[in-house]
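Chain nomenclature is as follows: A, B, C and D, assigned in order of appearance, with residue numbering initiated at 1 for each chain independently.
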Amino acid sequence: MILLFEQLLNGLQYGVTLFLLAAGLTLIFGIMGVINLAHGAFYMVGAFAGAWVSIQTGSFWGGLLAGLAASAIVGIVVELGVMRRLYARDHLDQVLATFALILIFNQSTVLIFGRQPLFTSLPEVFSGSIEIIPGLPYPTFRLFVIAVGLAVAVGLYLLINKTRIGMLVRAGASNRQMVRALGVNIQGLYTAIFGLGALLAGLAGVMASPIVSVQVGMGDEIILATFVVVVIGGVGSVKGAFVAGIVLGMCDTMLRAFLPGLLQQAMPGPEAQALGVGISSMGIYLMMALVLLVRPRGLFAAQG
Amino acid sequence: MKRLLTSASVLVALAVPSFAEGTKIGVITTLSGPAGYLGEQIRNGLKLGLDATGAAYELVVEDDGRDPNTGVQIADRMLNEEGITLLTGIVFSNVSGAVVPEVTDAGAIYVSPNAAPSGLAGAKCHPNYFVVSWQNDSLHEASGAAAKKLGYTTAVALAPNYQAGKDAIAGFTREFGGEVTEIYTGVEQSDFASEMAQIRDKAAQVVFQFHPGGQGIAFLKQYQQAGLLGSIPMVLSEPSYDSVILKAVGPAAVGLTGTTHWNADFDNAASKAMVAAWAAAFPETPLTTYAQQAYDTGLLIGGALNTAGGEDVAALQAAMKAADFASTRGNFAFGANQHPVQDWYLTAIEADSAGNPVIVTKEKIIEAAGDVYAADCKM
Amino acid sequence: MKREHIILAAVFVVLALVPFAAELTGQASWTRLVGQALIYGMAAASLNFILGYGGMVSFGHAAFFGIGGYVVGIMYHHFDAGTAFLGLIPGTDQMLITLPAAILIAGLAAALVGAMSLRTGGVQFIMITLAFAQMFFFLFISLKTYGGEDGIMVRRTNSLPGLNMRDKATLYWVVLGLAAAYYLFLRRLVQSSFGQIIAGIRQNERRMAAMGISTYRYKLYAFVLSGMGAGLAGALMVNFLRFASPDMMHWSRSGELMIMVILGGVGTLAGPFIGAGVLFTLETTLARYTEHWMLPVGIILLLVVMTSKGGLMALLRRLGGKG
Amino acid sequence: MTHVLEISGLLKTFGGLTATDHVSLTVDTGEIHALIGPNGAGKSTLINQICGEITPNAGQIHLAGRDITRLPPADRVALGLGRTFQITSLLDDMTVRENLGLAVQAREGGNFRIFDRAAKRAEIWDEVATILKDSALGDRADVTVADLAHGEKKQLELAMALSQRPRLLLLDEPMAGLGHVESQQMIEALLAARGECAMLLVEHDMEAVFALADRISVLVYGRIIAAGNADDIRANPTVREAYLGEEEA
């Protein structure tokens, strides 16, 4: 029972990380119509900038600010320098360009930081664990990650539903031409959204840096799962990204935690283990395939 | 017969003066991606080792990107175009599985500084294929033996769900003999929270885990964050706690137990020379076992080049087979399959004065061990 | 018309001479380099048939490439061990059996994936094909019998009666012959009745449905044909490299095939071959000069896409003056 | 006698909105049946239900006596249903000739052949030549569709639809966006095709409707409020109030 609860928390924490990445990606996707394979690079930039500054200054919070700033700036530069020229182009050209960006970002990171993974420690306040229910000590930092993720979700909800910019974002996600017709400064809006998306990805990167290994290519591994979240949630829908992120995070964690054990009861030995892990690795893709077969445009498709 | 061949080739080698610019050595290794630091360690260690022998050489280094396709492509060019007959450097088993047959079929020599998959250690062994590091299974058999020696009887063993991971758990289990709960992790997984919960739930006496590189860093950090570090001991094979991993993990590694075939505190001249040379050349970068293996590889190759006096393959092969070099690990010999016969040690990860983790050698747990596949090798 | 024939014949002759040229200049690795580029070109061209001519952007094409390769690998594994696949089908090292088998099995897999994926469209189609490819990838990683992540070593290239397939030049010519045949097949395919229907579906699916075309069936057929082509390329690759591994079906390989198509020119016959050749040569050549080869490759790709529309084929056309 | 098309009780709702409210109508052999109504009356929804792009909530559609309510679009075409689109929907990168060729090929079959050469199928290109000879597009045959004038695209749509040899042709606003001269050409083309098939004509252009239609149905807010010949409709006070009145005002 305690194990189940703990795994649910783990799933929630993975889910909000996916949400942070997917929120920006789904907006960029839905509003600008751009397939940005390089979104994971912002995650990596956030993690590296955050880790490096926190090593230099000894402060996690300094690193957090640096990570956010670096990823947002890199995002804006990419938008101004590259993406802006590709909005009118075919999806496939965007795929090629953002693939090239991945290569450039990865190798530049090697040149700047070298090949050794960076060390980051937990902020002092969050270095321990809290006994949430008796018998279950849970790392405080992970609770903090969950809290930040949920706070961002609330913030984005308010931004999108209560502000003029949010109105434009919603309009843009459901009908791209309409926003153009409204006579707003589209270019500025696009740059801002791209920067915001990069910033959220950078936030995810900084939050992940004390937990996982800060290394080159770390963004490439998580970007696939992020795309899965975006597509299941429905392209352009932040709400969809939230729901899909949490559900996917939960399912992935639950499958990995319990499927091998369950299989072992049904069939003998290590083969069950291996099979269980194999199936749970496929889990999110299986889910996506199933969701798309039932709802071809995802759960909360913004575009009609 | 073999002796006759050897002396004949020595004669030939003596008759033909070696080229002044040195023998070309092909280094195929992984320099890009998350595992790029492993290739860097190997390249740098190899260079220092060769320098220590004073042999005339020239390194031709190329990145395989951990992709067997690329590895074979590079090997082909080195062998057939640049006329290189001596290759080394591969980090990963899947790359060496593809490249080594290519090299030996072409009549050239391959010396492994790291990966040594079982497929090439038994019936498919080859006179031109040498392994300086260890046979893959040996690493984890040592950890199994260590856990047994420390008196544990139940263990949780974790490894990624690929062949090397399965081999790791199998190797550990073989020597451990106790009750083992196996948990396989995802191949590209970086968050192990779910596994931490399971480890706590199983409440075994000891944890064994095999996660090289970035995965290992993430695993150790999270092990501490989950509050498991103080409560359940962990035994590690050397790829899971190399010095680069420890540097990135920081204090979270203090208190773990490891096994290794070499450690920086070894008290022999060759090892001390290497540690000093490394500190002079790469003061910023920790020295890992990867670099040490490559350094030994450099000693072996350089020594053989000096003995054979050039790049005649038969002469080089014979010189290497003799394994006449002072290994940084102390005792070293080749088994029937030209894989090492060596000692294994128990280590502890302790805190230095600054609180950073440092590996301290405790005791020898296995003496002069070869591998189980040597018996199948008929050379 | 005539001009195209002359160019094709000239290119074929030049390619056929590669082993001799390699021999003469001492650049022995050319043969293998060009051979591999040709095989990737075939795989990219097979993807281009659905992507460029049919408008179906598949991000999982490497799955069929890998499956084709594994058919050769698995058959060789059982041939070598003297066992039988599932205890029923004995292994073989005869290319006349392995290649058709690879094409067939890859086609079956494509039928399965296509039947489900083609119910969606657009971005969702891209992602669902990726999803199925990932499932195949993880499946093959878990197959311990066939080496798991390490894959299967194929010590000897498959035999063809009357030819010495261990000779690199011979193998190269076999690959070249099949690549040329495949090019001609695709050329005929896009001009065929079916090719016209597929081109129509890409331009306006609704219109084609209004003309009585059940677009789903045609798209599925195209998807299967394309998967078979990728399977053939994969089978050749395993013969060429002498091993099969899950790397062949990793998602980045699917991406690479897509990049080759886009770089060369979407919806052109020669484009994928040119794209494969250029990308492959670029990667291998730059890797010889710098460990940081990814950086220049990335910058070059970015420059190509920013400065030209329609890839290298469009560039060539502009240089050549006409189409 | 059987009707070529018989619709009974067709109901389609979108959320709270009723687009077609139990619509029933028939089209007889050789007849041109016009469907008129203000914007948003549900005409396009009705057309799309007949074509099969939208599935109705209730009601039946029979084509030549056969129930096609649940058939996919392509199968309805095989049973003799042809259509034109309100916003022209053509293969823009191809020439006029190629568009017609594909239309004829789609009807002729052999569409799964992968080793033939579509360009050498005489049965297709002979027929295309005939169609072009008889149409206003003859001298525009090798122009790419994207370069055609609007009126020419409308003509091509009609020619492609007719080349399918349908029993029933659905015409979704064929006059939309046409100038006076072009409209006259279109009316002539439709009159010329009158013997070939029955037609259900959705149109705003009253001049064209009165010139072409044998019968007229008036659709307002998803319901048919009146039906009859041209004189009946002109005289109908409900229609004048609901529809024509607005037009004249």
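Just a few scattered comments:
The rule we apply is simple: a residue touches a chain if its C-beta (ideal position, glycine included) is under 8 Å from a C-beta of that chain, and two chains touch if they have at least 3 such contacts.
All values derive from a computational prediction rather than experimental measurement.
Counting hops only between chains that touch, chain A reaches chain B in a minimum of 1.
Under the touch definition stated at the top, chain B and chain D share these contacting partners: C. Seen from the C-alpha centroid of chain C, the farthest chain centroid is that of D. Think of the whole protein's Cα atoms as having one middle point; the chain whose own Cα middle lies nearest to it is C.
Mean C-alpha positions place chain C and chain D at a centre distance of 44 Å. Chain B and chain C have centres, each the mean of its CA atoms, that are 36 Å apart.
The distance from the centre of chain A to the centre of chain D, with each centre set as the mean of the Cα atoms, comes to 49 Å. A straight line joining the Cα centres of chain A and chain C is 32 Å long.
In chain C, 138, 141-142, 144, 294 are the positions where the chain touches two or more neighbouring chains simultaneously. Shared contact sites, meaning residues of chain A that touch two or more other chains, fall at 106-107, 110, 274, 277-278, 281. Chain pairs that touch, as defined above: A-B, A-C, B-C, C-D. Residues 51, 53, 72-75, 77-78, 82-83, 85, 89-94, 101-103, 105-107, 110-119, 121, 160-161, 164 of chain D are the ones touching chain C in the complex. Across the interface of their complex, chain C is touched by residues 29, 35, 37, 82, 85-86, 89-93, 95-97, 99-104, 106-108, 110-111, 220, 224, 227-228, 231, 235, 274-275, 277-278, 281-282, 285-286, 288-289, 292-293, 296-298 of chain A. Residues 188-189, 191-197, 199-200, 203-204, 206-215, 218, 221, 225 of chain C are the ones that touch chain D when the two sit in their complex. On chain A, the positions that touch chain B within their shared complex are 3, 6-7, 10-11, 13-14, 106-107, 110, 114-119, 121-122, 129, 137, 139, 141-142, 208, 210-218, 221-222, 253, 256-257, 260, 270, 273-274, 276-278, 280-281. The part of chain B that touches chain C in the complex is made up of residues 31-32, 61-63, 67-70, 72-74, 76-77, 80-81, 93-94, 97-98, 101-102, 117, 119, 161-164, 166, 187.
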